[in-house]
Amino acid sequence: MALLEVKDLKVNYGVIQAVKGVSFEVNEGEVIALIGANGAGKTTILHTLTGLLKAENGTIKLEGKDITKIPGHKIVSMGMAHVPEGRRVFAQLSVYENLQMGAFTRSDKKEIEDNLQMVYERFPRLEERKNQMAGTLSGGEQQMLAMGRALMSNPKIILMDEPSMGLSPIFVEEIFNIIEKISSAGTTVLLVEQNAKKALGISDRGYVLETGNIVLEGDSKMLLNDETVKAAYLGE
Amino acid sequence: MRDKKLNKTFKNNLITYLIVIISYALVQAMILSGNLSSLMQGLLVPICTYVIMALALNLVVGVLGELSLGHAGFMCVGAFSSAFFSKLTLEAIPNAGLRFFLALLIGAVCAAIFGIIIGIPVLRLKGDYLAIVTLAFGEIIKNFINVMYVGKDSNGFHFSIKDVASLNMEDDGLVIINGAQGITGTPTDSNFTIGVLLILFTLFVVLNLTNSRTGRAIMSIRDNRIAAESVGINITKYKLMAFAISAGLAGIGGVLYAHNLSTLTALPKNFGYNMSIMFLVFVVLGGIGNMRGSIIAAVVLTLLPELLRGLSDYRMLIYAVVLIAMMIFTSAPSMIEYREKIMAKFGKNKVSKEAE
Amino acid sequence: MGFISYLIDGISLGSVYALIALGYTMVYGIAKMLNFAHGDVIMIGGYTVYTIVSTMGLSPWLGMAASVVVCTVLGVAVEKIAYKPLRMASPLAVLITAIGVSYFLQNMGLLIFTASPKAFTSVVSISNIKLADGALNISGVTLVTIITCIIIMIALMFFIKKTKAGRAMVAVSEDKGAALLMGIDVNSTISLTFAIGSGLAAVAGFLLCSAYPTLTPYTGAMPGIKAFVAAVFGGIGSIPGAFIGGILLGIIEILSKAYISSQLSDAIVFLVLILVLLIKPTGILGKEIHEKV
Amino acid sequence: GNQASDKTSTAEGKNEVEAEEGTFLIGGIGPVTGELAIYGMAERNGAQIAVDEINEAGGVNGTKLTFNFQDDEGDAEKSVNAYNNLKDWGMQILCGTVTSTPCIAVAAKSSQDNLFQITPSGSAADCIGPDNAFRVCFSDPDQGTKSAEYIGENKLAKKVAIIYDSSDVYSSGITDKFVKEAEEQDFEIVAKEAFTADNKTDFSVQIKKAQSEGADLVFLPIYYSQAALILQQANSLGFETTFFGCDGLDGILGVENFDQKLAEGVMLLTPFAADATDELTKNFVAKYKEEYGEVPNQFAADGYDAIYAIAAALEKGECKPDMSVSDICEAMKKAMTEISIEGLTGEKITWDESGAPDKEAKAVVIKDGAYSLME
Amino acid sequence: MAILEVNNLSISFGGLMAVNDFGLNIEEGQLYGLIGPNGAGKTTVFNLLTGVYKPDQGRVILDGKELTGKNTIEINQEGIARTFQNIRLFSQLSVLDNVKVGLHNDYTYSTIEGILRLPRYKKTEKLMTERAMELLEVFGLADEAEYLASNLPYGKQRKLEMARALATNPKLLLLDEPAAGMNPNETAELMENIKFVRDKFKMTILLIEHDMKLVAGICEKLTVLNFGKVLAEGETSAVLHDPKVITAYLGE
């Protein structure tokens, strides 16, 4: 059984249909890449998965349970975390407080503390800046914070929306390393990326989205060598 | 493409002007044929006043993007300065038209000056802080007029903030502004036609301003102050300008108001923050930045309590309920979406019919 | 002696403003909306106590408890019916709706309780404290109000900083979407905010009416606006700011009446407010939010 | 979005009172919502009682009266709207308006229409500016002057403090004249402290000023809702003095749950006292209580008297309901100066051409929780 | 002659030295890159150059003119225009009007002329529209001229910001991560745009970018910032092979 299973998902903004019947699945332990041009509907899909948007049609199943109609705030404790596009850190709160916010649904103090240390280990910069207001962090720092915050809920599956956007080359490497580490630590990852090359490089399978439809799917290596993908997304 | 856009704004504005003009013609026709009730006839000038106020406020709220809770104050300045003038020159200028025209100028200019004075804090403050300062200004104006006594006798003007007695006037003296009792005996120089002309004037100023270099500068400040600065827009200048013009127009509204009734007092009811809030209701209900919407909202909301008279004691309660319901209907995202969908269906049907 | 006695009067008046401002600022800080109907919830609270204590002759404690319950339920109901549909709409739309609610409550009060003023029986039975041989007089209500204010202020700050629900409120106030992603139930958090805000309004209601014991359907309107001014003065959204703003507003109001002009005191109060905001554009304790470019 | 067509559909603004053929159509205007609602409601109720009485007794020369009261929220503009609404309804005589500023605005309109107007309680001098406008109550200047005279002549005080509402036409009107008359009288005004509509809960400063200036009388030309607060606050400040007010103070004993001990010794110059023992008052108070569950105040009495004045003038002027508004007005204008009525607010009230009533002000003092006439 | 000369520029926030003794020399017509790790202070340098922040110390000289201490508006009029890392468009204005706001100071008529629609209004507006359309053409935005700026797709929004900045007719154009959020194809197109702008308008351009393909592809010289300090500067290829830069920024 797939960990996350999406069937015939349609999402509208008013009269505009942004997602036009998308089906895909994510198996436990996989890293799945969702690539596509600007405005293809990637963010919209992620927002629908975690309840920020309502689906017009279709079902979303997490561990076999239909979560399509479940209110968004209950989804985190079911094991799905989301690193949103544009980071959306709590600007007026400190780095530490932001991380604590990530563990909102949990109550085991001890484990939260362990989790925090794990995040600090992975992102030393966050520990250095733990008392700085998140709003004044640089772009890259905010991205780390957003990932750290999502990890604080100890999720089974983590959705990441363009985590490499605006990061320095060394950091892009770093982020993808971290994603791999997160994955090898047992967390399933659904990764939305503009940086198709890197995303397909670390993922097991990939889906290509174009104007609200999945036009191509398959093994990431296969996609990397696909001529149309090369032309459209890899800039080769 | 470009021409299309120019045409579109032009068309849109033209429709707005036409709505006003056609409404005017219809109402005139009804008056002439004796089909308009006294109540409605009496409401015509007040409606014009509120339409002007809504347009003026929309310039600040919709175009400049700042919240003002003090427009009743500008209106108050316009009303009192012009009523003062008209009462004073009642005999000196027997021609009502000329007198009213001069009163208009005086009211607009005085209010605009206050607009600039208020504009100064506006430059430093944002959002709710600005709102409270405009509210404060409005209240100061009201409070001050309530203790202002001005009289004139053979020795000239006398001024006091204590009482009539301390004006120390000769016996022939005429008290013009009598504290809380305000000004009585202002000539009723305004009428519906003048009101509509003033609406058209206000519309002309607001719409043309918005579609000009100045208007773009003001709107760029609204949309993103930092970016506006980065392309060299003088924030101070344009904010002040928007405030001054808006205040001047509100002053015109005040002049119209003052010359419709024979009494003018600066009570909380007429010129308090509640009135400013009422104007804000017009603007928000009509759609922020939407001039035509402001006009319609001002008309509807001025008529509504009068139309509800039949409900007697429940009148204002129902009014409140209707206001809330209208707000939710026009602004709730779910409602907007719902309306969009219906419109889309409607539109589609039309298209497919045409295709057949 | 005169000055000190005026100062005490100022603090008495200010403490009432402060108490109302706390509820205002709390709702503003979290829900980011100016709940212009706050003052009218206070009025409903006052009438509830009046009905139970003076009309039905029951105990003031019961009156106060009932008032808190009534206001809390009212606040939550109003939020659900009138504000919630506009959650994602422009803040101005919500402001206007709040004004509609304010009209509604006032006219409701008018229909139920008529326009005739009712004399409120104070719920505070502590007698006045006289200092300096009776030259200085601090009323029992003032003492209770100030102490209540301080307790509420500290409790609110503790609640927001330290409790889970409090932190949820902060997150919701910053970014509702991101808060949802943290697993926070945004709707019930906002309901809770209104519940607390309205509960505070009830407390403000019976202390306001104890200090100034006439009750009409419009009792809450003016203090509501003053408290809004106080909250902005102190830095809207800041809880200690509301307290300080309220007290200062009261003091300025009384001193300007006493030493400058009772006719122009409104103007003077507002003038001081403007000057303070010009020097400190976000109020006394307001955080200056620097936008990172 | 067409404004004009909106108007047509409602041109005949709905009105809950049927305009009955063959009756005199009397309109009333005053605030029944908003902060001044209490005055408008009292007046409406008082007038309604009078109308019912007259109709029960067979009407005026056999013609019944129909009364229609419209809300104006105490605002001049709304008042003109109410006036126009009543005109659409067919009003022939106006009993209103309740408050002064609207009254002046409406009088300007009614004089254009030459429609007879009598205001029960519009006390500003200008309320009866046009010659079609009359009033029942005393004028503000009258009340100010009379109060000062009364205090001076009866040597009630040497040092007088005034607390008044500087944002209110009524209150500041009385104050002006009071101060002026005080110069002629043998007392000194030691403090003149104001409050405003936006600032009427805390009176500690005003009271302390009066107290520290050693005022032995505090003049309160204000309405009773604020006066109740002032009395309470003065009491808690331990300020014992005489309080003296005008007709606005009437009603203070009717405040529900009010501690009447606080009002002990308060004097007021008023034409009406609900505790008066004459038959007329007793009857009226009983009826009012039965109908509306409250003790009537002076505004109710003014409304009642206004209707009786209208009835008397109609009778005297031999008006018929089918006469034109203007003819009725002319007849009544003349009749008004010839009639004399036994009212709640005066024993023999007569009017002169200016429209002002001639009646005795009664000075009453509150003793043992009741009004009692002073000599 | 250097068109931009920056000497020991510094600013700190609280205890943090965000920019520390920063210096920079750019020749006229150069395409210059400013790179460095996240949080190194690159955007802060832009904010200092454009007067958004006031430096604690240091000087900025543009084309021989001292800019230190001037505010944003004055600096723009002296000839520096910029784009923002987090896009800042006039979202409720049309694409065309966004550019016209940029033309505000070069094409003038008075408010009165505007309200009364006098001939100068018509003439100037026409010229403005022509000029704005020219600029939009450069970035391939002409077809979207009537769209609301907020309705443009992300990549086009970035281009619109550049067009708007160019409209102020600057001597120096600052671009903060122009390629962020673009896919490789869009980036390639953007590189052409930037080169075109430089050649056509004889513009000097200073840009911040993390996309090394773009940096290596079009920048002539680079300065690398690390912890607010200059880590390296010089010819692009040399800098990109500097081991210090590789460890701090590029990675293996």
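Every chain is named by a letter (A, B, C, D and E) in the order it is written, and numbering of its residues begins at 1.
As a working rule, a residue touches a chain if its C-beta (ideal position, glycine included) is under 8 Å from a C-beta of that chain, and two chains touch if they have at least 3 such contacts.
None of the values given here were measured: they were computed from a predicted structure.
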Exercise. Which neighbours do chain C and chain D have in common?
Worked result: B
Exercise. Could you give the fewest steps needed to travel from chain D to chain E through chains in contact?
Worked result: 2
Exercise. Among the chains, which one keeps its Cα centre farthest from the Cα centre of chain B?
Worked result: A
For this session: Taking each chain's centre as the mean of its C-alpha atoms, give the chain farthest from chain E.
Result: D
Problem set entry | Centre-of-Cα separation between chain E and chain A, whole angstrom | 31
Problem set entry | Separation of chain A from chain D, taking each centre as the mean of its C-alpha atoms, in whole Å | 73
Exercise. In whole angstrom, what separates the CA-based centres of chain A and chain B?
Worked result: 50
For this session: Scan chain D for residues touching two or more other chains and write them down.
Result: 32-34, 166, 194, 196, 198
Problem set entry | Shared interface positions of chain C, touching two or more other chains | 107, 110, 225, 263, 266, 293
For this session: Mark out which residues of chain B touch at least two other chains, giving numbers and ranges.
Result: 139, 143, 146-147, 226, 313, 316
Exercise. What chain-chain pairs meet the touch criterion?
Worked result: A-B, A-C, A-E, B-C, B-D, B-E, C-D, C-E
Problem set entry | chain A-facing residues of chain B, complex | 336-337, 340-341, 344
Exercise. Of all residues in chain A, which touch chain B in the complex?
Worked result: 14-15
Exercise. Within the complex, which stretch of chain C touches chain B?
Worked result: 28, 34, 36, 82, 85-90, 92-93, 95-97, 99-101, 103-104, 107-108, 110-111, 225, 228-229, 232, 236, 261, 263-264, 266-267, 270-271, 273-274, 277-278, 281-283, 286, 291, 293
Exercise. Once bound in the complex, which stretches of chain A touch chain C?
Worked result: 50-52, 71-77, 81-82, 84, 88-93, 97, 100-102, 104-105, 135-136, 149-150, 153
Problem set entry | chain B - residues contacting chain C, complex | 61, 67, 121, 124-126, 128-129, 132-133, 135-137, 139-140, 143-144, 146-147, 161, 226, 273, 277, 280-281, 284-285, 288, 313-314, 316-317, 319-321, 323-324, 327-328, 330-335
